[in-house]
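What follows is a single structure, written as structure tokens, with notes after it.
Here the chain labels run A, B, C and D in written order, and each chain numbers its own residues starting at 1.
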Amino acid sequence: MNWKDKLHEIIYEADTPAGKAFDVALIVLILFSVILVMLESVSSIDLKYHDQLLFLEWVVTVLFSIEYILRIICIERPKKYILSFYGVIDFLSTIPLYLSYIFSGSQVFLALRALRLLRVFRILKLVQFIGESSILLNALKKSRAKIAVFIYAVIILSIILGTLMYLIEGNESGFTSIPRSIYWTIVTLTTVGYGDIAPQTPLGQFIATIIMILGYGIIAVPTGIVTVAFSKEKKDSIHLNTQSCKNCSMEGHRDDALFCYHCGHKL
Amino acid sequence: MNWKDKLHEIIYEADTPAGKAFDVALIVLILFSVILVMLESVSSIDLKYHDQLLFLEWVVTVLFSIEYILRIICIERPKKYILSFYGVIDFLSTIPLYLSYIFSGSQVFLALRALRLLRVFRILKLVQFIGESSILLNALKKSRAKIAVFIYAVIILSIILGTLMYLIEGNESGFTSIPRSIYWTIVTLTTVGYGDIAPQTPLGQFIATIIMILGYGIIAVPTGIVTVAFSKEKKDSIHLNTQSCKNCSMEGHRDDALFCYHCGHKL
Amino acid sequence: MNWKDKLHEIIYEADTPAGKAFDVALIVLILFSVILVMLESVSSIDLKYHDQLLFLEWVVTVLFSIEYILRIICIERPKKYILSFYGVIDFLSTIPLYLSYIFSGSQVFLALRALRLLRVFRILKLVQFIGESSILLNALKKSRAKIAVFIYAVIILSIILGTLMYLIEGNESGFTSIPRSIYWTIVTLTTVGYGDIAPQTPLGQFIATIIMILGYGIIAVPTGIVTVAFSKEKKDSIHLNTQSCKNCSMEGHRDDALFCYHCGHKL
Amino acid sequence: MNWKDKLHEIIYEADTPAGKAFDVALIVLILFSVILVMLESVSSIDLKYHDQLLFLEWVVTVLFSIEYILRIICIERPKKYILSFYGVIDFLSTIPLYLSYIFSGSQVFLALRALRLLRVFRILKLVQFIGESSILLNALKKSRAKIAVFIYAVIILSIILGTLMYLIEGNESGFTSIPRSIYWTIVTLTTVGYGDIAPQTPLGQFIATIIMILGYGIIAVPTGIVTVAFSKEKKDSIHLNTQSCKNCSMEGHRDDALFCYHCGHKL
């Protein structure tokens, strides 16, 4: 095994102690870089510690650059990594500081680094939680179509009700355009309720009331969809640990089955 | 098949390629017309591009007019279409621009065009999603009575609690009338919480607290109703495609069972 | 059957056409009286139509008085009715207008009339919805203990977190006392979020964030409790329509039972 | 049994009448002390009744001191109690008034007394509700891993979306830093919606809309997790009190079954 393969094992896999150590170090570095960006965005902190933050920013950027180069070197088909989802994120979150010396203002794109947090999911996937999160994801995937229909209906409903509220409130009290009115409808329907826009006419308040009760009720729909999907997922995974047929090794029999459903052999 | 029947097939059905193309074109036109109305309602955009928007408005109106006339021509009983739900919506969403030359201000009713979005459901119904949305709708229909009882109880509760809050807060802090007070109660009970009206007296805040916890709790009721309805719907659709054993008439076999799980007889 | 019994049948029961007509008339009168109280509370309407509203108020009060007296006359043990829940509500919602000539300001108690709306439940109970609402109520009754534990935990949590926020925000930004701070905590935990009080310090906002995610998560608890209670209720009612034993007529056998669980007779 | 053992039985256990009486007295005292702290924090009440409140504060502090000393005396290994969770809370909630004579301002820590309310759970655990709350806790414990994955995903999502909103709104309308922007995202995602910060740019409002619908939808995930956990818990607890047939070892009999439903043998 040459050094490239070794490096690949460390960076891309997590089976060896060195691989695990690399993943932990990467998570720590990502979290640290995100906190750094957050602190820079707070103007009072940035004014006081600007130089120190910039120095740490450079440290992080250099480390990310090294990681990026190593990833390209040790993989067989670098193009595949560079054009992959995580490859693009890695590139975009490393480049801004270099660019800030060419284009002023591009430092703002440091915030793209927050996208690196998504990598945490990938690393965890290799280590732990895999069973739990896969059950969640499977259930959500299976109820995708139903959730799409639901979101679709909510959006159409919001457009119709938002337009209606625009006609009723008529430029008053923040309902200055239909898009704003639709924005308000979604704020109300999802029970967020900022209060930056609120109906003033009695009729507007009456319809707002109906929208609220509607929103309060239809929250039950996604909940119902997901709950049923979860409970089905659970049942499927439970049925796996029942007896297997001695004759044909088939699994998944009913709990009270006396004969194999596949070959008819007595269980 | 004469040209009327052909036209009917294209406009009212979606089995032929031409019919599908017409439906897709119609959805695009509806979405475009709704976006147009939205843009017009934003005063800054309307000031700048008023003439262009008006021109596009005319294009859309003429196309909708042609569609409306064709629909009447190619159907056998035009009255049935004209008085149907979608017939009325089609008419109301086409006429406003013509009317705006007779009555000033009627342009506002262009917003009625948003109702056309409902047709999207009809078109989709013919094409896709039919299975998924029918399961959702069936489940909701079956739990209709329970949901009605629930909404009824919520409204009565809101009226009683709203009246109570009016007595306690006594014209202070926005609780100026019982209807306004009921409006506030529903805003709170559904956990929307605008904050345009908020109790100021300690007793009012105490009761507001109880209303909130109540609202937080009773959201469980519609969720429970819908979830149970969904899970029943799921089970029914699974149990429908089972067979019974010819020997012992046992039911509830797995979909891929070859032998009865109870007596071992070949299915 | 003398006139007292006839009257009793009309007023207290709903089996005869006359009884049903009385119930419908009573519901209409109650709804009308509640709307009347609402309109009076809107000062702009009250200023304009004060005399007309007062006249209608007298009509309603006289009708309620007659109903109250008839109820006492035609029942065998009047005391039982007078001291019953609905008896007290009927009395309290009838008396305020009379009292307003003795004590000024007692007119405000007309709002108690909203409690009459509860009678609507009673009337409906006799006619319709009985099955549906009884399933809902049974399920809620059975999960009473769990819901009590949950509400209890929420209140304790709110007191502790509210006190904590008072210490952190320290009289700033509306957290002027511990009770107010607890009020804010409940507003946040239940995801109502008025915004009349909002944390200003970074630490306060951080803890507010935790409270929100907590509130977002623990809404799952009552939902879970009620959903499970509903689904159990459904199953119980389904088990009623299974076979009964020919020997001992026992019901409620398992779907795959071969012998009666009570007498051992072959099913 | 010497007096130490007797004292231990009264203070630490709840089986004897004296033990129960002590627990009830302690709950009353804790509730009283918490209400006292609340009243002190309301400046208008504190100004008027400062001396009376201080006196009652001393009464409570002395009683708590006595309880603390007795707890140490009557236990075999005092260290274990002192360093236990409740031991630390008892100490911290007793000491502030004494400290207030040494360090000014330490009276504020009286609010720590709210933590004493947690003891109420412990006392109740010994007496009642044990079955109900243990079912709740078991279900929550089992779904711990899934809930952790969910909260983790929500936090990452909030950081990414919050950073995005900071870039879009650009210091306007309250989005002054990334942490504040993340705070807003969580306020929106959990459907709390204070309205102290609200997006002003059209693009910001559009993304806010997506965040709201997202938050409205993903509330279904914890609900689904907990509901499934509860329903599994319910089934398990029902299956625990069943018996198996002596003849055919069949399980899953009704609680009131006298004969095996499978072979008809007497149970």
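Quick notes on this structure:
In this text, contacts are C-beta pairs under 8 Å (C-beta built on N, C-alpha and C of every residue); 3 or more make two chains touch, one makes a residue touch a chain.
This structure is a prediction, so every number in the text was calculated from the model and none was measured.
Where touching is counted per the definition, the chains common to chain A and chain D are B, C. Chain pair with the larger contact count among B-D and A-B is A-B, by C-beta pairs in contact. Matched by residue number, over half of the contacts between the chains of C-D recur in the interface of A-D, chosen from A-D, A-C or B-D. Rounded to whole angstrom units, the spacing between the C-alpha centres of chain A and chain B is 28. Between the Cα centres of chain B and chain D there is a gap of 40 Å.
Shown for chain A are the residues in touch with two or more other chains, namely 179, 182, 191-195, 215, 219, 223, 225, 227, 231, 256.
Chain contact topology: the protein chains form a complete graph, every chain touching every other one. The residues of chain C lying in touch with chain B in their complex are 34, 37-38, 41-43, 108, 111, 114-115, 117-118, 120-121, 129, 132-133, 135-136, 139-140, 147, 150-151, 154-155, 179-180, 182-183, 186-187, 189-196, 219, 222-223, 225-227, 229-231, 234, 256. Residue ranges on chain C touching chain D, taken from their complex, read 145-146, 148-150, 153, 156, 159-160, 163-164, 166-167, 176-179, 181-182, 188, 191-195, 198, 202, 205-206, 208-209, 212-213, 215-217, 219-221, 223-225, 227-228, 231-232, 252-254, 256-266. Per the touch definition, chain C reaches chain A in the complex via residues 191-195, 223, 227, 256.
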